[in-house]
Structures are given as C-alpha cells and as structure tokens.
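The letters A, B, C and D name the chains in turn, as written, and every chain counts its residues from 1.
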Amino acid sequence: MLVVMQHDETEAQVARVVEIIKEMGYEARPMPGAQRTSVGLVGNDGRVDGSQIESLDGVAEVIYVSRPYKQVSREWRQENTLVTIAPGVVFGGVEIPIIAGPCSVENEHQIVLAAQQVRDAGASALRGGAFKPRSSPYSFQGLGKKGLELLALARRETGLPIVTEALDEEGAHLVADVADCIQIGARNMQNYALLRLIGRLGKPVLLKRGMAATIVDLLMSAEYLLAEGNTQVILCERGIRSFDPSTRNLFDLTAIPLVQKLSHLPIVADPSHGTGLRDKVIPMGRAAIAAGADGLLVEMHPNPERALSDGGQSLYPEQLTRLVREARAIADAIGRTITVPSGTGSAAEG
Amino acid sequence: MLVVMQHDETEAQVARVVEIIKEMGYEARPMPGAQRTSVGLVGNDGRVDGSQIESLDGVAEVIYVSRPYKQVSREWRQENTLVTIAPGVVFGGVEIPIIAGPCSVENEHQIVLAAQQVRDAGASALRGGAFKPRSSPYSFQGLGKKGLELLALARRETGLPIVTEALDEEGAHLVADVADCIQIGARNMQNYALLRLIGRLGKPVLLKRGMAATIVDLLMSAEYLLAEGNTQVILCERGIRSFDPSTRNLFDLTAIPLVQKLSHLPIVADPSHGTGLRDKVIPMGRAAIAAGADGLLVEMHPNPERALSDGGQSLYPEQLTRLVREARAIADAIGRTITVPSGTGSAAEG
Amino acid sequence: MLVVMQHDETEAQVARVVEIIKEMGYEARPMPGAQRTSVGLVGNDGRVDGSQIESLDGVAEVIYVSRPYKQVSREWRQENTLVTIAPGVVFGGVEIPIIAGPCSVENEHQIVLAAQQVRDAGASALRGGAFKPRSSPYSFQGLGKKGLELLALARRETGLPIVTEALDEEGAHLVADVADCIQIGARNMQNYALLRLIGRLGKPVLLKRGMAATIVDLLMSAEYLLAEGNTQVILCERGIRSFDPSTRNLFDLTAIPLVQKLSHLPIVADPSHGTGLRDKVIPMGRAAIAAGADGLLVEMHPNPERALSDGGQSLYPEQLTRLVREARAIADAIGRTITVPSGTGSAAEG
Amino acid sequence: MLVVMQHDETEAQVARVVEIIKEMGYEARPMPGAQRTSVGLVGNDGRVDGSQIESLDGVAEVIYVSRPYKQVSREWRQENTLVTIAPGVVFGGVEIPIIAGPCSVENEHQIVLAAQQVRDAGASALRGGAFKPRSSPYSFQGLGKKGLELLALARRETGLPIVTEALDEEGAHLVADVADCIQIGARNMQNYALLRLIGRLGKPVLLKRGMAATIVDLLMSAEYLLAEGNTQVILCERGIRSFDPSTRNLFDLTAIPLVQKLSHLPIVADPSHGTGLRDKVIPMGRAAIAAGADGLLVEMHPNPERALSDGGQSLYPEQLTRLVREARAIADAIGRTITVPSGTGSAAEG
C-alpha cells in the first residue's frame, strides 16, 4: 500500500501516517518526491484496510498494490483449475465445451427438441432457464420447478448435462438437486448472500460477470464461492454496459486473457448476451475461441420466432451447427479442440 | 411499437409482419419511407413483447414507444406519492428530510453518539448498516442482529427513525421488525427475489439505483415493489459507473428531475457514495437540493479515522452541521424547507 | 512513481529496475511486501516516463504519483485565476456570469433579438455559433464569417461580450478578430494543433470537456494553452458519454469541485448540452451554481420551434429569465452573486 | 421518423405536429395507442431535422428510423469497397494485410531496422508516427518532417508501404507527399476541418474510432471523407472508454461485424491500443481476425525497453512473427489469407 501525501503536507502529518501504519503492525517507508511525499506500507498481506489512513490530514490518496482476492489468484494456485460438470465435459483444459439451448424452458416438446438439436449440432451441454430474472414483473418468469423437471427429462433423452440459473435460496436448492452446474446471473453477481449459499451446495457453478463489474469485481465475487470451499467455478464474460446502443451489451473479449493471467479458474464467453444480435453470435463466438475462451454459452431455439424470451438473439438450429463447425476450425488453429458430446464420439469410431 | 424493416425488404416480408401483429390482437399500420418501410403497431397497452417480431425476416429493428413500467409512472398517478417513515419525516412533499449516520453500526457507544450528533446537526433520520454487502468475503460484514438492536437503542435515545439495509430473506424479516425504512442496496437493485419479498413486508422502502442501471431500469425495479402492493417507495441516486477514476462513482444529479417527471415516487440523493470523497459531499449535497431532491442520505461518523468501513467518505459531525445549514439556505431559495428533527424544532419553541 | 513487481519476481529483476531508475537519475527505494515487492522512485519532478520500466521483465504495473500537469495546478498557483472577457464580466471570483444565446447565428433579426432577450433576462454575455461542428456533413454548418459580423452587430446593440467557437486555423484567426472569448468545443478538446494555435492568439479561451475526457485529460488539454503563455482559460463541464439514453450526455457536476481543488482555473457548466432536454436546464443550472460553478453557458432561442439546430434543448426567453432569477437565489444562499449585465444593473440605480 | 406524443397530449397538439410535418413537405400518419399517440413521418429521405418538432407542445420524443449516413452505407453500395494502399496491399477483400511498426519514428537506425523486422515477420505495411498527438505538451511530439523522410527511406529499403498520422493542415500536406495511407487518429475523429481537408488529398485514409464514438459516429465521420469524393477509406477499431482500468481501452471487436453489415468500407483492428498491454496483443489480434477484421494495425519496436513512447504495449520482433503465424492459421480457418509482403512472395517461388 502506498500513501500519497498532499503537495503541502507537513512533517507532522507524515509522522502521523507513519505512526498509524506502525500501530497497524506494518513497517512504514517514507519517500520524499519533488512534488510530494509518499509513504510505503511494507508487509501488506492483502488484508490492510486503508480507509482510516485515507481520512488523515494531509493524505491525498491511498494506492493499493496488493490484490484484494486470494484463492482465485494464479499466485494461490499456479496450474489451471479443471471444472468437470459431467464425464468428459471439462472446462479449463485443452478441450472446449459448448453449452447451448433456449433462453427459457417453455414446454416438454420445446426443450427435448432443443436438446436433441444442441447435441446434433455438436455442443456438449444444455442450457435453459427455469427461473428467469426479468426486468418487468409482468414478463414470463419461467416455469420454475416444472422447468427443472423438463430439463431432467431432456438430459435423460440426450445425455447432455444441464446448466441452469438459480435466483434465490429456495430455487438454489431445487436447482442443485437437478442441474449439473448452477448458473449465477449477471444481476446477482454481487448478491453476496446467494454467492455464499451456492458456494456451500457442492455443485459446479457458472458465475456471470455483472454489467458494471470490473475484472477485479468478478474475481472478488468468485472469491466468495471459493471462501465457502467450492473451487469448481467457471467464470463467464457476457458483455458490460457501454454508451453505444448498437449492441445490447459491449462484449469484452479481452476479459478472457486478463482472467487467465490473474486466475486459475476457467472462463467462458456468451456471445448471445454479449451482442444481443443473432447475426453477430457466430463471428463473436469464433473470436472468443481465438481469444482463448475455455467454453461458449450460446442461445439456440428450435423456433426463435415463437420464443417466449430473447428470440431476437437466439440462433436457429442450423446456425448452431455452423458455429460449432467454425469453432472447431478456430480451436484447431490454436492447438485446442471442441469437446464432443458424450455418446456421439468421433464418427470415425462408428 | 414501431417495426422498422430493412432497406431491401420485400412486400411479402412486410405482409408477414402485418399478419403477426394482427395475430397478436393489435392493428398494423405500414408507413413506406424513401429509405425503408416501417410498420406501426396500434393499441399497445405496454404488454407487447416484440422479440418474436424482431426475428422475422426483413425486420431491422423494433422500437418501443410504450413504457414498460406502469404503477410507478406519473401517468398511473398524477400527484406525488408521500412516503412517511415516521411522524413528521415525509418524503415527496415540500419538506426535505436528511438521513445521516455511519456506514456501519460498530458498537453501542459509536451508534448512540452518532445518532445524537445526527440529531444535533439537524438531520431527521438515522442510517447505519447492520448487514453490509462487501466486495471481499474477508471484510467486516456488519454486526447483524446485534447491530439492529443497537439501532433500536439509538432510536430510543434520540427519537430518530431508522433506515437500514437488508441483504437476504432472513435479514429482511429481522430488518422489518426494527427499521422504519428498509434499504435495498445498489448491488441488489435487480435481485428480483429480494424485491418481491420486501415488497410484501409492508414497510417503507428506500431503493438505491444500481451501478449500471438506467433510469428506466430503476423504475422497473421499483415496479416490482409496487406490484406487490407496496407504494411506500423512495428512490435513491447514488452514482453510477463511469470511465473517470477521479470519483468513486459518477453522481448523476439529472436523475432527480428525470425521475420526478416520469414517476410520482420521491427521489433522494446520496452524495457520499455518489462521490466517495468527503470534501465533495457538501457541495454535491447542496447541488442535489438545488436540483430538486426530496431528501439526502449522507454518511457521518463520530470519528472517521477509526471507522470500520468507508471512513474516507464520511463527514465529521461538524461538517454535517454545516451541510444541513447550507442545505437549508438552498431549500429556502427554491421554496422548500429541510425537515426539522422531531422534538427539536419549532414545536419546542411554540 | 511506484513500480509494482509481479508476485514471482526474482531478485535480479528487482535489481534491474533499481538500475534503470538510477540510470534515469533518480533514487530507487525497494519495498518488499508479503505478496510482492514494489520499488519507489524518489525525486520525480513530473517528467518521468515510466513506459520503458513497464516493459522490463518482472514488472506488473507502474503507478504514477506525480501529476502530469503543471501550470494549471493549484500547486503551481494557489489563488484563483480571474478570467476577464469584458469589463465587469469576470470568471473565477465571487461574481458568476451567465452566458446565453442560440446554438447558431441564423440571421440578423434572430441574433439581435436573442442578444436583447439575453440581456433583458439578466445574463451578461452572448453565445452563438458561426462555425458549427456537425456530425453530418449535410447539416447546416453555420454562417461562417457572416455569422461573426452579425455577432459583432449584436454586441454593438446590447453591449454584451461574445463567446463563439473556432474549429480550425483559418476560423480561429477570424474568431479572434471579433470574439471576446474563443470557445474550443468538446470534439476538439484533444486537437492539440488547434490548442497550440489558440493558445498563442492572446484572447480568453473557453475549453469544453470532451465526451470521453477524464478530469485529468481536461486539465492536460488546458496545459497546452498555458504552455503557450495564455493563462486566461475557462474550463467547461458539458456532459460526458454514459450508458443511459435518458439524456443526451451525462452531466457530471462533481467535476466542478474536483477542478476547483486541483486547479486555479475557473470552471463553468453547460446544462443545455449536459442534459439535452429543455425542461432539465433550469434545475440543473441551479444545481451547477449550488455545486460552486463559476458561470453558466446556456442555449436560448427567440423561437426554439424554428431553430436551425438544437431547438429541443434551447430555453424560451422567459425560461432564461426564470433561470437567472433562480440562479440569483441559489448564489445568494452560498455567498456569491450573479453578474449583472453592463449598463443595466446597479449603475442605473446609482 | 416517429413523433411520440406525451401521455396527456391534446387533439390540438397532435394536429399541430401533423401540420408542421406537412409544412416540411412530408406525409403525417397518426397512430393512437392505448397509452399515447404517435405520428409517423412518411417519405423521410434522411435529411429531416426533427429538432423543431421535438420542441412542440405535447411531444415526448422524436425517434429516427432513417440512417443519417448515406455514401458509407451498404445501401448506397452493396459490394465491399477495396482500398489499395500499394500494389498487392488491399483492404476489404479475401486477403488481410497486417500493418506493423513502432509508435514513433525515433531515428534512422530504429525505423529501418523496424521495417526490416516487420517485413521479415510477414507483415505487409509499415506504421510509425512522425507527428504524435500527446496528452502532455511536454512529451516527445515526434520528429515531424524529418520523421517522414526516415519513413520514406525505410520504404526504399524494404518496399513496405507507409501508414502515418496527420494532425493538422500543414502536416496533412507533408504526410500526403510521403505516405501511402494517411491516418486520422482517435482524438481527431470529429475534427471535421481535418476530415474535409484530408478527404480532398486523394490518398487512402485510415480513420480511427474515437474513444467516445458510437459505430454511427464513426460512420458519420467517414461520410465527411466520402462527401469530399474520397472513397478509399479504411475504418479502424482501437478501443473505447470504459469503467474498467484493467486495460487502457475497451477493445470492441463486435464493431467489426457491425460495420461490415452497415457499410461497404473495410475495417481493421488495433489490438495494441485496444488493450494497451503487450501480452494481450497476440490473443486479441487472433480474435480480431476470427471476428472478420480486414486487417490488423500493431505496434512493434526493435527494443521496446528503449521506446520513446508506448513501449509497454509494443511487441518484440519475435512476438510479431508469432502473431503473423497465428493470424495465418486463424485466417485459414475462416477461408481468408494474410497478405504476403511484396517481394517475399510465396516461398514456393524461391
């Protein structure tokens, strides 16, 4: 930690900062400058709270050097964490799984058909919302428990593992009973009560970046999950707020190599929410793979024109097939592979 | 709703849009333009979901004209809603209450002293966190239930009503038992499960704007509370995310007249979080009153140097006294008054 | 300057950083931490360019403590700079001038009438564009030289000094011949060639904040003007880009006390561009005064319905009268006064 | 254009809007809604200025349906524009040129060595600044005319065409005499005087997106160039402002498919400025190719530790070689190729 003094600081003010740092149990190292003096705090173990120093007379600014997160960092764990949501569906290694499916589970026919199309297209996990966070209280909020049952049915029919969102305590328990991976949505990224609860459920978690979250904010929220003992955490870039209304969100693909440098956790990308535009999902899905994404999360609907939510950004089934094919070519170019859905194996085995 | 067709749309595509609109039970009105055709949807009652139209061939864009919120709008209710959190402490009228107090309740001495200082400075309600949303799982998370008891004690000592935050279901019930007004924090603005629950508790609510929330997003979240039957809702501007690190958040004071035009609900401003800088709280608190704010929410600590959280943005007690004095002068200049804390004001003089 | 090493830095890497700092002629002070080592650079006079250190092996980050601007800073000059654009129209002191007028000069009748209305309303300087930066090459671009002649005529008729924008070298010379203050628009805030040129023209300058400019960026651009020997510089907050389409720009009033702390230059506020909405100009103009603005810049048109540009955000003449009246009340509440236009005020009363 | 009336509009107000639209020479089509009435303007040819309608009583909002740009749009020209800056170096076709080189031209040795390294790495054009826009007036501003001479020398030595920036009128003429492509920097994207001047110089132009520019803003600035008769325009995504300090800018790769849908002009990507971090340039350069970029613009320096500017984001020569190799693999995966520098040809020719 570095304490920057104001230009016109007095010696007494510097001495007071040094004294407080010593009281806190650390060593203080003053550094006079031509413009102003700084005081370095030596020995910070990441737990120093500088707010009391900030408010001392003569202090201009407190700059943090230590990172506020611990267990999620590469410094805590050097090698990649592998998150396995089902046999053969592993995030963080050379293989890249693609998760696809509709925004919402609507009915049995729709979700089973979608699951078959997802599998046929070459994706290896099924997404679909049973509990939907909607900005309007009057919009369709999902089928709830019935939706979870339909997801389980779709899994039985196709063998695809299930990724689905939980919104609250009651729902989290229900989701944990059925899903292979519990999704925490962007709007709940800083719902710390929910993070703590889900951190204790012992299931893999997919944590989406909030719309106003920095990379550090995202890692801090993941830290809540790890602090509860759950290391099976997948991060997800899904676009942040920006000033340009051309797209629904601003898809920040640099987040992928940033997270991979700072953390051992895998990170996937969601080009459907990241752009909000169906015809941008394929190029940006390709770009995510090229940037090094450990997975994709994509919306596909058997009949987007009839979707109850997010129809405008859902791929048609044949578009998903094309995305998987192009993702394979890109993955191959960088020495990785797209995960093959279980049971379909390599056609070569047939 | 207006459906804008692509430049090279065909007659068949326009006909398909017209047909779907009719199927939905509305009237369609095509408007050819020199560049492209649009189709107006006539009779929209605010419940039309355009996503299925967006995905039709030849459609470039769907533009919403009706507003997605209802009960929070000025069109639903013309006159201002008055929110009363205690006798004489009313938001939305000519009088402007000031809520002040520490970021966190720390101990009995601190909160009782703070409450006395708040009252002596001329503010009329006490804030203080018992449950604290912290970005790090390792930071002080608040005293919890014990903190609520201390707030109740501070109220008995000073007569000031209590505003404090709830983070989850269990906490919401505890807070509702003690507080005069339940705060929903910025990070939970789109935690719809919490909004629905708190909407049913029958207590006044102070809903803070999320860091990435537009004004419409804020009103939509308030709509969740009203949809549960609770109209005692105070909105709060507390700064949003921006690219300039000079301040902790970007304090968006235009939100005040914007909300007052669109909605009948009162809106208060929080210059402490809005700027994150102690020496900016007084000028920006004055500015908020001048912009028409229906209240202020301000952090003050008996000893900011020793605060367990947010010390750097907390006012000293004498600064709060100055803020209230200057707020009075500004309020007077625009024909309003600052609420006098109960038991102190002119009543005592009468 | 503080050089933060990576977590796994080696002693040789730290030694290399220390060596390079010494080569640069400064003293190096290593500070080991529990997580990582930092190296302080002692004696920075504000001219250190850290980019070569950033690229050394083992370096995680370079943090600047010294400010990159000099002559604009409060540390360079303690007392406020007063900028006088005409006798009695001074920015930076207790008096607050209001500059008002149409977006564009359209014709003799319009600008002379506007000037009279501005003066009658109690504002003390006239704005009006002769050269207009327009996002479309096909939009009205201003009357050019003819517009400047009409502004001079309006000044003769009313005595009001003129503030008008220059866009390029040729125009800057023409504007300097006529105007009392040369405006540099938001889009040209980082047009350094124009800044240098206008810095040498010896006229007061009003420099608007760019749409993506931080406060430091704004001060750095002003530094270009001061580096050319011109200290008569007024800064202007006019709104920045944000994610909320509710307003044309996000009006950042905290910029006012921020600039006033960091710099000795006066800062005015433009609520017309800052909000883009006529009915928000009065409350936000009041708020700017309450925040401590050293002036206002406001669009008013004799007949906004017929304006050639920006009609939707221009005040009606009677609204300007009301704004000046309310600004007076607010100024009075904080111990300041609104400048009275020359020839109208108390002189007449004497 | 769609005029949305306020909720409580009167019949007379609607009639007035209809009347004004007719006066403007267009047809008006009122559409009553359950909440409010809208009025469509039929026959808009893209030149309607709605600001006078916005200010009519009872009008809530004016929504534009027609696009404000013309000659840059796909609707004006269906097929891609090919921009040729030298024989075999063509932007907008199947081949993808890579432009690389140092931030600034520093001296003969540096730029000639850099050019050779650029060519050896497989890039096909040389970048290097002779005129540098610097945020500080005290920073190195480039070698000016001498720098252009050194660029010409480097071209003679290597055969690589030159891309370099012009900042003002005088410099633009000098640059046009030497360069193969004139760059307009992000800070000058809305310097309309410079756009008009450069539009008339008859040289290919590379126009960088401004830090606060939407896609539509970028296209409008390109329209200035085309309106002067120059269609040889390359657009460039180089990152925009965001709230996350993790990167220098937020690299918006979705801009690539967005621009390619809306316009016939080619678009390249600059991952060096887009991220500001050397170790992110390779993954994000790959991602740009995968997203469909028509070229890359990359900073490389023979000795980044000794660079006079932007050392921290410049690639080492061997990293450029790796980027070109990986870009080739990605291009191949999507059916495109990386342009081979002239004279090196296909190894097959040797």
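Brief remarks on what is shown
The working rule: a contact is a pair of C-beta atoms (placed from the backbone, for glycine too) under 8 Å apart; a residue touches a chain by one contact, two chains touch by 3 or more.
Computed from a prediction, not measured in an experiment: that's the story for all the values here.
The most distant chain from chain A, with centres taken as the mean of CA atoms, is C. Computed from the mean C-alpha positions, the centre of chain C lies at a distance of 27 Å from the centre of chain D. Once the centre of each chain is set as its mean CA position, chain B and chain C turn out to be 31 Å apart. Computed from the mean C-alpha positions, the centre of chain A lies at a distance of 40 Å from the centre of chain C. Residue positions of chain B touching 2 or more other chains, listed in rising order: 212, 240-243, 245. Chain contacts here are complete: no pair of chains fails to touch. Residues 2, 4, 7-8, 29, 31-36, 38, 40, 42-46, 63, 65-67, 74-75, 241-243, 245 of chain B are the ones touching chain D in the complex. Chain B contributes residues 47, 49, 51-52, 54-56, 62, 68-70, 133-139, 167-169, 171, 187-188, 190-194, 196, 210-212, 217, 220-221, 223-224, 227, 240-241, 278, 304-312, 314 to its touches with chain A in the complex.
Chain D contributes residues 212, 214-216, 240, 242-247, 250-254, 256-258, 261, 274-275, 279-280, 283-284, 286-292, 326, 329-330, 332-334 to its touches with chain A in the complex.
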